[in-house]
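In the two complexes that follow, chain A is the common piece, with chain B as its partner first and chain C second.
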Partner chain A sequence: MELDRRWIFLLVAVMVAVPLFIPSNPPIIPDRPVQELYNFIDELPEGTPIMICFDYSPDSLAELNPMGRALVRHAFSKNLRVIGLALAWPAASGLGLEIINTTAEEYGKVEGIDWAYFGYKIGYSQIVIGMGKNIIQTVQEDYKGVSLSNMEMFKDIKNYDDIGIVIDLAAGGSLGLFVTYVNTMYNRPVSTGVTAVMAADYYPYLQSGQIIGMLNGLKGAADYEKLINKKDLATKGMASQNWAHIMIIILIILGNISYLLTKKQGK
Partner chain B sequence: MKRSLPLAIVFIGGVVYFLAYFTPHYFSEYILQQKILVDWLKILGLFAFVIGLYSLIHLHVTKIKRRVENWQYSIMTLTGLTVMFIFGILVPEKYLGGIQQGTVYDWIFMNVQVPLQSTMFSLLAFYITSAAFRAFKARSVEATCLLIAATIVMLGRVPLGESIREGTRGLLDFPKWTQWILDVPNMATKRAITFGVALGMIATSLKIMFGIERSWLGGSE
Partner chain C sequence: MGFWSVLGTLIAALFTLAIFSFLYKDNPFYKAAEHIMIGVSVGYGLAQLFHLGFKPYLWNPVIKEAQYELLIPAAIGMLYFGFLHPKTRWLIRIPIALFMGIGSGFSIAPSMQAAIYTQLQATIIPLYQYGLTFAEVLSNILIVVGVFTAIIYFFFSWKHKGVIGGLAKVGIYFLMIGFGASFGLTVMGRISLLIGRVIFLFQDLPKVIAGIF
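Showing the complex of A and B:
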């Protein structure tokens, strides 16, 4: 059965775009890994700093931006302090800042007291290792060039021992760095949010306890939005993902029926 | 000397870092956490950036001069580079220059680069769907197992899976089956692959450290 792939492309475009404009309330039950991370952050004492590393480029924005926003919303709603930075992708610097800045305005949080953003820092593994000893000495300045030692937020933050959890929002292999150094060397909690195609790779770390929970693709972001009771882009996107998956399954079935019929005719 | 010095640096650096990571002594931490290493990496990064920038400009200027196929895209590339450089570095802050939020640079990044890059990646959805129809055939037992697992996971990761579970009162529990596939066979296989990859990386790293693998030096032997 021959089908011009342009019809398939058109179907995909319609199935993905139309649900975005139709209000819906898809049933979302959070997965266990998402619940684990949510519970951990929810139980952190007020005022505890959490560190979020934005290690993705605009390619993966659709899956990882909603995760970042949901995490920052959760942190600010629990009066936790947020530290953001980018290590692997310079382009993530702007994305992370936009998320933290706009969410901070939502919750009335003040830069330098409730949140800080380091921007993109060159040095990658050395930055991760150095922050285990002293964050201010290693990073020195935030994205605007303001010295961290002049910020009220860092009066009681020296290194990872003072950070509640380090979360890596990754579109590449950067999580390995955090597991190797932050978790194994400095014995601090690490978690991650990754694209759906990468999530399967990190289940060994989840099973061994080297990461606490995991946000897996757009579904993971939607699960977290459900848990914090703040539905946003990820929840909206699940309607599109729903129909896209249905369409792929139907096409696979049709393709296989065609294959079996062709095979039978051939015999 | 041209080859010996880099080989010696790689050997010494590799051995020192290797021993420092696995030696539980405060001197190891002293070596690994040195601030000067961060400063060196920043300097190396800047040199690499300069080389990369020169290479990019040289490549595209050459394409324009020689009018190779699609040379017009090289003009777009250089224009984008120049515009971002001007607004990010040269234009004063009072005229919306700089790289902070609210500047022209930031506007171009958020409204041009981000949508363009996201769109390029989203093309994958179209190609995967087309490939699903053309190539995902149950030609063998393994292919059939793959198809069944893929179907279960695809249903389990969307609200339809939840709806089916509720509709069948838990009889067709796609989300639970998906989680089992990810937690058990996938986890076990990925762990084995990770071990294999790690052993390969160790072997390659040792070859590089001991100068057996020298392709990174470039140039002729």
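Showing the complex of A and C:
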């Protein structure tokens, strides 16, 4: 039986859109890796800086923006300082800034004291390696061209030794760089939030203890929103995600039945 | 919301719809959106490279601070343009060799440690130990058996017959489960991206339009 695939596209669109208009509260049970990262950040002493690297472009923001926002909210709510930067994608520069800036306003945090944003920095691995020796010398200026050496925030921050954890929000293979240099070379804690597509590649790092926890796709972001008790976009999308998955499972079963029947008829 | 933010949101909505129109069939709106997206991405990337790379690392130091020694690596970098002519194409070997040498020097030792030694270490785990839960024991067994049999599958010096063949077959099952998990996560990721766009179209956009009126 031939089915025009556009019917499937329409069905997926309906299954994703309709739950957004129907108030529902699907249960969200945080995965262990998400809980591990939450616990680690939660236990950092007040004032500890954390570094978040926004390594994604706008096509992945649906998954990674909610993670970034939830992490920054958690950090600011615990009075941790936040350093943001983008290394892999030039277009990520604005995404990270928007998240940190708006969340800082939400929590009344001051730029240069409670947070700093470097923007997009060219050099990738050289920047990651250099920051392990001296962040101010390597990065020099923030996204507005303000010298880091003039910022109050960097008076007690020299290199990764002064950073509580480095988190890479990755849509590609950038995490490998952080594991190789920040964790292996400088022996500092690393974690990640990744697109679901990439997650399978990174579980070995989790199992070996090279990364502390992991946020996996929109579900990981929703888990984190649940843990910080601040429902946002990821939580909103979970009902749609559930229904779309149910529909895909049904379609896979129907497709296989159809295949088996066609095969039987052929014999 | 400011004028430019409203305009930006409306343009984003139009382009989202133009791209989605491909799901019905290929059309000029999709083509235009695709080409504009590629052009804007490349243009944005080039502008960023110019302002964040070329100017602060080469132009300003040479022109304003007279650091003329930087012209040497710049000249080596320019050899990449040798690719444009068949007679000078060989010149690109020089910057590539330098780049590979420096990159390898920096990365081989930590990469070996991060991707091989530590990963190997993580498979040397107790199959059973007092105090481990059933799930942990099962997990450890799966890790050890999975790694061992998958490596056997990629060991081509012996024919996959007999015991080796059997172990390789178990390895294939582990690989298939891995691919299945990867595919499932890919589906989840794609649905998440669609959810992001649908939330934008049905919830964010109406608010912006309502704000205009």
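Simple rule for what comes next: the second predicted complex is superposed on the first by the 267 of 267 C-alpha atoms of A that agree within 3 Å, B and C clash if a C-alpha of one lies under 4 Å from a C-alpha of the other, contacts with A are read in each partner's own complex, and residues count from 1 in each chain.
The rule is short, and it goes like this: a contact is a pair of C-beta atoms (placed from the backbone, for glycine too) under 8 Å apart; a residue touches a chain by one contact, two chains touch by 3 or more.
On a predicted model such as this, the values are computed, not experimentally measured, just so you know.
Chemist: Should the pairing of chain B and chain C on chain A count as a clash or a fit in the superposition?
Modeler: They clash.
Chemist: With both complexes superposed on chain A, which partner does A:Leu254 reach: first (chain B), second (chain C), both or neither?
Modeler: First partner only, chain B.
Chemist: When the two structures are overlaid on chain A, which partner does A:Leu61 contact: first (chain B), second (chain C), both, or neither?
Modeler: both
Chemist: Please work out whether A:Lys219 is in contact with chain B alone, chain C alone, both, or neither, and reply first, second, both or neither.
Modeler: both
Chemist: Name the contact category of A:Ala196: first (chain B only), second (chain C only), both, or neither.
Modeler: The answer is both, since A:Ala196 touches chain B and chain C.
Chemist: With both complexes superposed on chain A, which partner does A:Ile129 reach: first (chain B), second (chain C), both or neither?
Modeler: both
Chemist: Once the shared chain is lined up, is A:Gln241 touching chain B (first), chain C (second), both, or neither of them?
Modeler: both
Chemist: Is A:Leu3 in contact with chain B, with chain C, with both, or with neither (first, second, both, neither)?
Modeler: first
Chemist: Counting only touches as set out at the top, which of chain B and chain C does A:Met151 meet: first, second, both, neither?
Modeler: After superposing on A, A:Met151 lies clear of both chain B and chain C.
Chemist: Identify the partner contact of A:Pro26: answer first if only chain B is touched, second if only chain C is, both if each is, neither if none is.
Modeler: first
Chemist: Comparing chain C with chain B, which touches more residues belonging to chain A?
Modeler: B
Chemist: Between 9-17, 27-35 or 171-179, work out which stretch of chain B sticks into chain C after superposition.
Modeler: Of the stretches 9-17, 27-35 or 171-179 of chain B, only 9-17 runs into chain C after superposition.
Chemist: Just to be sure I follow: which residues of chain A are touched by chain B in one complex and then by chain C in the other one?
Modeler: In chain A, residues 9, 12-13, 16, 59-62, 91, 122, 129, 185, 196, 199-201, 204, 207, 216-217, 219, 241, 244-245, 248 are touched by chain B and also by chain C.
Chemist: In the complex formed with chain C, which residues of chain A make contact?
Modeler: 6, 9, 12-13, 16-17, 20-21, 59-63, 90-91, 93, 119-122, 125, 129, 140, 176, 179-181, 183-185, 195-197, 199-201, 204, 207-210, 216-219, 233, 236-237, 240-241, 244-245, 248
Chemist: Which bits of chain A are touching chain B when the two form their complex?
Modeler: Listed in rising order, the residues of chain A that touch chain B are 3, 5, 8-9, 11-13, 16, 26-29, 31-32, 57-62, 91, 94-95, 97-98, 101, 122-124, 126-127, 129-130, 132-134, 137-138, 143-144, 185, 196, 199-204, 206-207, 216-217, 219, 238-239, 241-242, 244-249, 251-252, 254-256, 259.
Chemist: Give every residue of chain C touching chain A within the complex, in rising order.
Modeler: That would be residues 23-24, 41, 44-45, 48-49, 52-53, 56-57, 103, 106-107, 110-111, 113-115, 118-119, 121-122, 143, 178, 181-182, 185-199, 202-203 of chain C.
Chemist: What part of chain B is in contact with chain A in the complex they form?
Modeler: Touch residues, chain B against chain A: 21, 29, 32-33, 35, 37-38, 41-42, 45-46, 100-101, 106, 109-110, 113-118, 120-122, 125-126, 128-130, 132-134, 136-139, 147, 150-151, 154-155, 157-160, 162-163, 166, 175, 179, 182-183, 186-187, 190-191, 194.
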